[in-house]
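Below you'll find the structure, written out as structure tokens, and then a few comments.
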Amino acid sequence: MNAWIWGIVGILLTPVVAGLVGGIDRVITAKMQGRMGPPVLQPFYDVMKLFSKQNLVLNRFHHDLVICSLIFTVAAVGLLFAGENLLMCIFALVVGNVFLVLAAYSTNSPYSMLGADRELLQMLAAEPMILLAAVGIYMATGTFDINLIASGTHSAIQYLPGVFFGLIYVLTIKLRKSPFDLSTSHHAHQELVKGLSTEFAGPSLALFEIIHWYETVFVMALIYLFFASRPIVGIVAVLIVYFLEILIDNINARVKWDLMLASAWVITLIFGLGNLMLLFILK
Amino acid sequence: MFEDQEIVTIERSELISRAQKISKEGYRLVQIGCTKQSDHFQIDYTFDKEYRFYNLRLSIPLDHPTLPSISHLIMPAFLYENEMHDLFGIQVSDMILDYQGKFYNIAKKAPFATISAADTTTEKG
Amino acid sequence: MAKRTIVPFGPQHPVLPEPIHLDLVLEDEMVVDVLPSVGFIHRGLELLCQKKSFQDMVFVAERICGICSFIHGVGYCQGIEKVMNLDIPKRAQFLRVFWGELSRVHSHLLWLGLAADAIGFESLFMHSWRVREKVLAIFEETTGGRVIFGAAKVGGVRIDISQDKLDQLAIALDEIQKEYEPLAKVFLEDYTVQHRWSEVGYLSKEDAHQLGAVGPTARASGLPQDMRKLRYGAYEDLEVEPIVETAGDCYARCVVRVKEIYQSLDLMRRVIHKIPAGEIETKVTGFPQGEYFSRVEQPRGEVVYYVKGNGTKFLDRFRVRTPTFANIPPLLQMLKGCTLADVPAIVLSIDPCISCTER
Amino acid sequence: MELAIFLIFFPLLPAVLLVFSKNAFFQKWITIIASTVIAAASVLFAIQYMKGSGEYSTFICPLPNQLIMIGDIILALVFLFICRKLPLRRYWIPLLVIVQYGLVLFYDFSGRMPEVTHYLYLDGLTAVMAVVIGIVGTLIAIYTVGYMKHYHHEHPELSNRTHLFLATIFLFFSAMFGIIFSNSITWIYFFWEITTVCSFIMISYSREPIAIQNAFRALWMLLVGGLSFALAIIYLADSGYTLELQRLMMMPVAFVLLPVLLICFAGMNKAALYPFGNWLLGAMVAPTPASALLHSSTMVKAGVYLVIRCAPILKGTTAGAMVALLGGLSFLAASAMAVSQRNSKRVLAYSTIANLGLIVLCAGIGTSFTLWAAVLIIIFHAVAKALMFLCVGTVSHQTNSLDIEDMQGLIASMPYVTIIMLIGLSGMFLAPFGMLISKWAVIQALAIRSPIFPAIVIFGGSLMLFFWTKWFGQLIAIPNARQQNLEQGIGIEWVALWGLAILTIAACVCYPLIGQYWLVPMYGWNPMLYDKIELSIAIMLGLMLLPPIILLIRKKHLVYTTPYLGGANVANPQEFMGSLSSPRPWAFKNYYLTRFFGEEVLMRWTIAGSIVLLILMFLVEKL
Amino acid sequence: MSIKKSPWIIHYDGSSCNGCDIEVLACLTPLYDIERFGIINVGNPKHADILLITGGVNQQNKTVIKNLYDQMAEPKAVVAIGACACTGHFFAECYNMLGGVDTVIPVDVFVPGCAARPEVIIDGVVKALAVLEKKQQEKVTA
């Protein structure tokens, strides 16, 4: 029963926390760019405004597919907070992502579909590292069960510094930040217009933003799991990592997909797999 | 300080050979321009080599103005030639990329050819 | 593989501040064919010379483009001045160089910002434009306008800058340089910037010459071509050496512009140092009769003004060949075989000014 | 036991009948009735042996060796007959036949073959395979009836030999049941070569030069496997150990590792693992039902079935690790190359190789958990992949194209086929459908082993996600204009399509049941079955019900608009105002990343790598 | 929630001389920083609330402007920036010009200037916010 409550709390709190984090992100980014930036609550204003707008669609399915994507992404976060199987949570997130890509495909509009293909490329680049991190956590803690990982006595980080680094590297992809915001970026000034989300208008776009909030919380929770035995350290680590991502966003141009894919895989192999091999041999 | 500008008047039939010669000499095309005069179109092909200004000038009649294209010899010429076609109504044959009169996509046909400068000056001057 | 992705790139596209349209044909992300179209901004302002007097045409010339507005005005005035055989006071010529070079700095900073933005480097965009605002502040202090200020006129300039002000400006220029230096370093050294620009949009020296490239586009391909070497106006007294790079890619074009900002700042200091006292304009009487091709160096390259007067207050012909127009054929060459992600970077690398191009 | 014998011999009846019935009506009903009987029998058989711990046959076979000998002689003659028209420079194909049969027959004649007491062995694994062949196979057979009608309608230049094609299918069923039920290795070998013949007949069906050429390539590659099998038999006969598969698996590893590796080699060869993967791609010229039946859901499964059978010996050995690595390499390379393919059948072929590789990877490691996952993949893959092949076959009939890019917006013109195809695709990669559950099980099972294995699965899985999703997306890219319905003329095929679609979903829903009642008795309890996981899978499944529901609800607040085309829109949403100021259609084609994942880039390395691994596999055995 | 707190803009260059364009862009940058008001330049008509147009309308871009306007979701507002966008300025006399933006789409706010200064542009956008809010309320009541 406890698990259910945790899951629901996670689902309910995520938009609040992620929205606030998003607002703070925008303020910090603005400061780094020598500007004042928007109010901290701006992400909420944006989403609420989007809900109040007309729902422009190209056909009657793509809005629905965004809803499906939201359902699975929410489920992923819910399962994560409920302490379910880590791999299953990641797969749920992947399904959510796939639905998002399908939504973009279903619009049958060139920029949107190019964005969909780019999003697939991003998944191709990021997914191995994330799953490998889960395997790493398993090797370090002996379980895929998030409850057990979280209540364990030692943190996975001490065994998995390489995996942790690799995860931070691909985190930029998941957070849609420079240098890896290829499929759709927070700023529209890219060659694909808005890529994946080009055709989402009004409520659809609002849902897309919310999906992104859940995704953000999901990957941050993944970071937290590395420090699970010491909650305070974990939260501090999450904050530092997020700040680092903002910094990276601000000091990098957007790279091209081939570099993204190649570098993400190389990092995954060297730091992720290398770390695991060492762990395997030493244990 | 003003630069010296060499302007050579040629015949239309000479155009291709002159253009070929001058581009072989290492001149680059600066511009192709057209000016409507009271009885003819004055066409200027401006070239430059190491800051040396060299201009070929030829004139063609106002009725059914036609020109051969030099874009086969000097690729950038196609832009100017399409421009001349749209603004002055000059038919340029064999351009490497012919926009078929849709280069500027203007509603009015050959605006520079219909109003003559001399006309307006007499009206307003 | 006959099946290819075909997308319209523009006319409205967030990376392009101005409307230009390309039919892009892609295979995966590789550009296999590109066809440009223009005319979204074509106003037909050359024909205004039949409705506005040759002196009013200065304002039209300035509004050919709002970025290099001042030099457009100067180029036009110079043509008329040659046709009318006017002798322009030295001080006016120096002031023209001062504002002209300041325009170059403003334009290049603007370009640096936009180019950074096109490759997703927002903070660099912001900081470039932050520095640019200081340049605009100088315009505002000296002329009252920020981007279009109508300081040039046939026969000289409209406004003088006092000696005190000039001294203050020297300090302001130093400050701009100080703020600009770290920025320039990022453009020259950052890894991701190099990844996006190095070996992208290559244009060989031969192609650059053959296809008639001008300005930084030509200079980045190794052509030492700078119309300031014609020593028009006050450049007679201010020696300028073209800044040349040989790599011929987008990165080289960026380097040329980054270095030209230093060059221009330096030129302005020399102007302040050397500027003679005296009148700022000569009286203009009569109407232009005759023709001249006036060539000056814009931030984007060589601009050609053809003016032909017929002895009335209206010109017979007023024609502009702007640098972007000349750079379109090289651009098409550069776009061959690039990837979709490179398209904005390459298009912006010639610093396109569509409103110049289409007039 | 009787059921097993029935299943081996019964299909021969329709096979013989079909050879003589050129009438389409008879063909249809013979196929339907025989298929129903086989399906029913195999289900009965599965129920009977699901929980059983394995049962040996007790009957005594009169003149066993002599029977098989005669069979082998006939087969050898058939092979030589097939090769009769081959040019001399391809001498090695008949040579392969002569060498392997020469050796086997020599041992047969000299009477050195050890005695076999239990000719058949039936357990849970055979039950799984029997169901796959009996249900998936027969659905494909039914589909074939409808398919061939269209096929000949479209290719009037080909002579109609549908009756032979159908007969071959039933002959093939018989051989397949023979392989999985037999305990005698010589018997398996006999049936094994029959499937090779069937494969040849089906690939060369159209008798076009390319088909003949690919059929011979498949033939000689499969004969290499046969040779390896023959060598294993001779080794065992020579050393006098045993010719019973089950007893072989109980022998000390050191004695029998070499023959087991030879058998594994034959299995991997049949499963089209690299370096032999290319015969499977060539086999795609066959009519689609053949691809579905032989080259994805059953015959190639016989290969992995054998490797799974060998798992007890492979487990924990270095050679076993090499087998696993070979499987892993095939999985990774085939998934990667599938990314660069736009021909739907080739994508399916590559993904088949990939999945077979994954199964072999699991079998090579051979722990109970990995075998658990391997069997799961066999089930899910057989169902979903057969479904995909049949869908692609139907689509290609209606649209005359196998190109995935031509399937853009197929949902508008062929809604039902597309929905079925989407079910199949979901089954291939989307959680919580079959393949993803299997993949998850694999990662779980492998995580305790060297991290190399989970890494292979993870990378390959990501690649699969890429190419499946882009296909999926292309199907549902909804066109802006109304499309003509192209589903007329699909007849009996619906039975197979819907049947397999329902099976795909059912297999997924029944996952816990399959686990508990089928796999647990075979491989023991698995932590993947505990309540919590089942709960999360149940939640995911429940959520999966939502998308169709959401999609069906009509919405009122939507406002329809046109696609973003940079403001260059024209009246037709499929066009934009082009540079020459005339409307030009825009187009979208997917990424194929040929620079990274093209065949030219990867094939050489894959073949080289797999050959090295093969050599290593036999070398480490020697050490 | 009021649309006032999060107006997203899209900018299209009609046929301006770039003067107003760069001033619009300057609004985004540190000195003026319109993100203070939650304004983002989204560059995609489907996401935008306010269409900023600089420069007048000519033969070729009239359909583009119309397309962009049609693709925006209600409620939406249009701001014409600069003298050219308001009336065509002295380009109105040119043969290829149709005039101000209001010749093709309804304009809610006119911002004067040649080139319009960033302060005035921001002022114009803020005026457009009131228009947007009114439209939103009308939509709610309707």
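Quick notes
For clarity, chains are labelled A, B, C, D and E in written order, and residue numbers in each chain start from 1.
Note that a residue touches a chain if its C-beta (ideal position, glycine included) is under 8 Å from a C-beta of that chain, and two chains touch if they have at least 3 such contacts.
What you see is a predicted model, and the numbers here were worked out from it, not measured in a lab.
Touching chain B and chain E together: C, D.
Graph distance from chain B to chain D, where chains that touch are one step apart, equals 1.
Comparing chain pairs A-C and C-D, the larger number of C-beta contacts belongs to A-C.
The greatest centre-to-centre gap from chain E, using C-alpha centroids, is found for D. Comparing each chain's Cα centroid with the centroid of every protein Cα atom identifies chain A as the most central.
Averaging C-alpha coordinates per chain and comparing to chain B, the farthest chain turns out to be D. Distance from the chain C centre to the chain E centre is 26 Å, each centre being the mean of its Cα atoms. Centre-to-centre, using mean CA coordinates, chain B is 24 Å away from chain C. Chain A and chain D have CA centres that are 36 Å apart. Each chain gets a centre from the mean of its Cα atoms; for chain D and chain E, those two points are 60 Å apart.
Residue positions 12, 29-30, 41-46, 60, 64, 68, 71, 73-74, 95-96 of chain E each touch two or more of the other chains. Listed for chain B are residues 99, 102, 104-106, 111, each touching two or more other chains. Residue positions 33-35, 54-56, 110-111, 114, 188-189, 193, 198-199, 201 of chain A each touch two or more of the other chains. Per the contact rule defined earlier, chains pair up in contact as A-C, A-D, A-E, B-C, B-D, B-E, C-D, C-E, D-E.
Taken together, the chain D residues at the contact with chain B in this complex read 580-582. Across the interface of their complex, chain A is touched by residues 5-8, 13-15, 29, 116-124, 126-127, 130, 190, 192-193, 195-196, 339-344 of chain C. Contacts from chain A toward chain C in the complex involve residues 29, 32-35, 110-111, 114, 178-179, 181-182, 185, 187-193, 250-257, 259. Of all the residues in chain E, the ones that touch chain C in their complex are 10-23, 25-26, 28-31, 41-45, 55-56, 58, 60-61, 64, 68, 90-91, 93-97, 114-115, 117. For chain C in complex with chain B, the touching residues are 37-39, 42, 44, 46-47, 49-51, 78, 82, 209-212, 227, 229-233, 236, 292-293, 295, 302, 304, 306, 308, 310, 312-317, 319, 321, 325-326, 328-329, 358.
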